[in-house]
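First chain A sits with chain B, and in the next complex the same chain sits with chain C.
And then the complex of A and B:
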């Protein structure tokens, strides 16, 4: 799909100070799997898949995930964090071909 | 006084029945030149050596099924004639060979509809009767042979294909299958896994909120079309130039009326069909049916109607004539397997049962209002036409062009079951 790297982030619609909120995100990415030739031999090439996900909140890295090819195409990630201050949550996806894709969401208290 | 009233009631009843059962009229079917991408036109390409190859989407089978009846309105071939047969003599059936044939996915597989014992029977379906103990019924071999050759001799309305008559199994293979069925005796072994048995298997639960962009990649795909909406075509105009206020406002409610009969084109059209003729005429941009842009823009247009009830016209003379033909297509038996849509998708037949591991949808509950839908199995958005084309390929029938009048009228027939129910695009399905 031509949309490679599109990221969508979602937070609960209302957040109160101190809430543990679930952040959900989806990235459009092919997450290439091992391919084999007709003889069953693994084709040697640089496979494109996301191998690192970094979460920052209020400018600080709060979590990193190391991911492998076992993660599906167009993967969905969800995690929780404690909403202490209003600010930006950024999720950055890095793939093996050097691609860097970012999605952001604003934590605001209503 | 009572007598005339009663006659009036009878007359009204008769008139009502006549309306409900409009006979399909094929004498004034509009002609149509396809505006679909080459893979979606249902074309056949002759190759060197006389072989004929069906042009379909990448990764789809290319077998040419020209021998078998299709949905084309100009295909006048009748349904295969009901055929009696007796087993060939001189062959002794081998139950082991029969069992392998029963499970062979290149053939039926018989397990798609029938449960038999064995942990390797996976996943079995429940459209046909459970055959786990069929041998206990002591049915004559000749009777079972006839059932496999052409079951319509005994059950005229069966959904089971005439396997022998259509050449899917040879007479010798049928003898092996009969021998296998005769070995199936009760009592059935206790079930180790409730999901092996389609009668106790858990029903699929779906994929959650289809309108949540973090859950449905289809939503992200549809947002692509926002750029297309604003971008001028070769004629210098963009959709946004005539349809003011953004797609979500300008297109609000439009999709609830499609498919509809458009007098300017003399035929029933879905949003996809219409975009393929409307975009070139206004913006100069080609938007062939089944192109990624066409499907994305269709999603964008339909999303503007999300939550609004479907309201397709079923009362104008044109709509009635199209509906009658669409209904006739729905029950028309086609292809190598001599199946009709109704065999799998009406509650009287296969709907709400398992076909292998797949849970068959009920067309009469309305299953068009979430199309184009994201298919998790292929990681792509499919509109209803590509779903039709895929439905028909494994049934052993050449597909028609995605924007054919036949498909449009079948789509209209299916969509009227959605009338009054909310549009919800893009859907998400396996």
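And then the complex of A and C:
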């Protein structure tokens, strides 16, 4: 699973100043589910899943996702932000094992 | 025993004692942090827990009343999800996003999941629009709710049933 942590971000192809743009992002991550042993008891271990996603734009936090194991494997998230200035959108994913994965996209006005 | 061991000023027993005290201090600090977090539900650390949906909602929202948000919230879920492991969900709220009045958070809840609280998104006026989308898991057929919290603390709720052909939560 060497692909863990690959992040893809997509922006609309043309953005005008002041537009509310929808950003879609995808990360490769197993999002481990609860496992049970043969007796049906939940195995108590540290499951590896993403529990926080932070979106920043122009150095400010725009939105924060708190997520649980009820989110799909290779999760997809969509959110909006108001494009006021050209700059970088950074999406940072944190998982329960301390992994930190980052994806960036540039907002530029065409 | 080697000579250096005998010369060591700290014995194993003393060392364990010190470590034990440190451990207790650490736990006290952690408990204190927990109390602080509980006071502000927005900062609840472990959002996901194995619980019923009622218990989950009570824990996250502290039993605050919820209004019916059918006219305000658009919850976009499929009618039938063939694969419960990947169910696209999108929530859009018809609300202004100004610093005075905006949507503070959107919470997605799957009633029949073992971990009912799926995700909570904290938004800010910079979001421009109260919108979120995600792919979630559904264990079985049941309601999916979206709960919207506005900056003045008002809660709005909407739910919609999703039929699941193959469950996606396992376990």
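Observations on the structure shown:
Just so we're on the same page, the second predicted complex is superposed on the first by the 110 of 110 C-alpha atoms of A that agree within 3 Å, B and C clash if a C-alpha of one lies under 4 Å from a C-alpha of the other, contacts with A are read in each partner's own complex, and residues count from 1 in each chain.
In the analysis below, a contact is a pair of C-beta atoms (placed from the backbone, for glycine too) under 8 Å apart; a residue touches a chain by one contact, two chains touch by 3 or more.
Here the structure is a predicted model, which means the values were calculated and not measured.
Aligning the two structures on chain A places chain B and chain C next to each other without any clash. Legend: residue contacts after superposition of the two complexes on their common chain; A:51 is shown touching chain C, with no touch to chain B. In the superposition on chain A, A:61 contacts chain C only, with no contact to chain B. Of the two partner chains placed around the shared chain by superposition, chain C is the only one that A:35 touches, whereas chain B remains out of contact.
In the superposition on chain A, A:93 makes contact with neither chain B nor chain C. When both complexes are overlaid on chain A, the residue A:24 reaches chain B and chain C alike. Shared-chain residue A:73: touches chain B and chain C both.
In the superposition on chain A, A:6 contacts chain B only, with no contact to chain C. Taking chain B and chain C in turn and counting the residues of chain A each one touches, the greater count comes from C. Chain B and chain C never share a C-alpha pair closer than 7 Å once the two structures are laid over each other.
Across the superposed pair, chain B and chain C both touch chain A at residues 24, 73, 76.
The touching residues of chain A, when paired with chain B in their complex, are 1-3, 6, 8-10, 24-26, 28, 73-74, 76.
For chain B in complex with chain A, the touching residues are 212-215, 217, 219-221, 224, 292, 379-380. Across the complex, chain A meets chain C through its residues 20-22, 24, 33-36, 42, 51, 57, 60-73, 75-82. Residues of chain C that touch chain A in their complex: 44, 47-48, 50, 85-88, 90, 97, 110, 113-124, 126-129, 131-137, 168-171.
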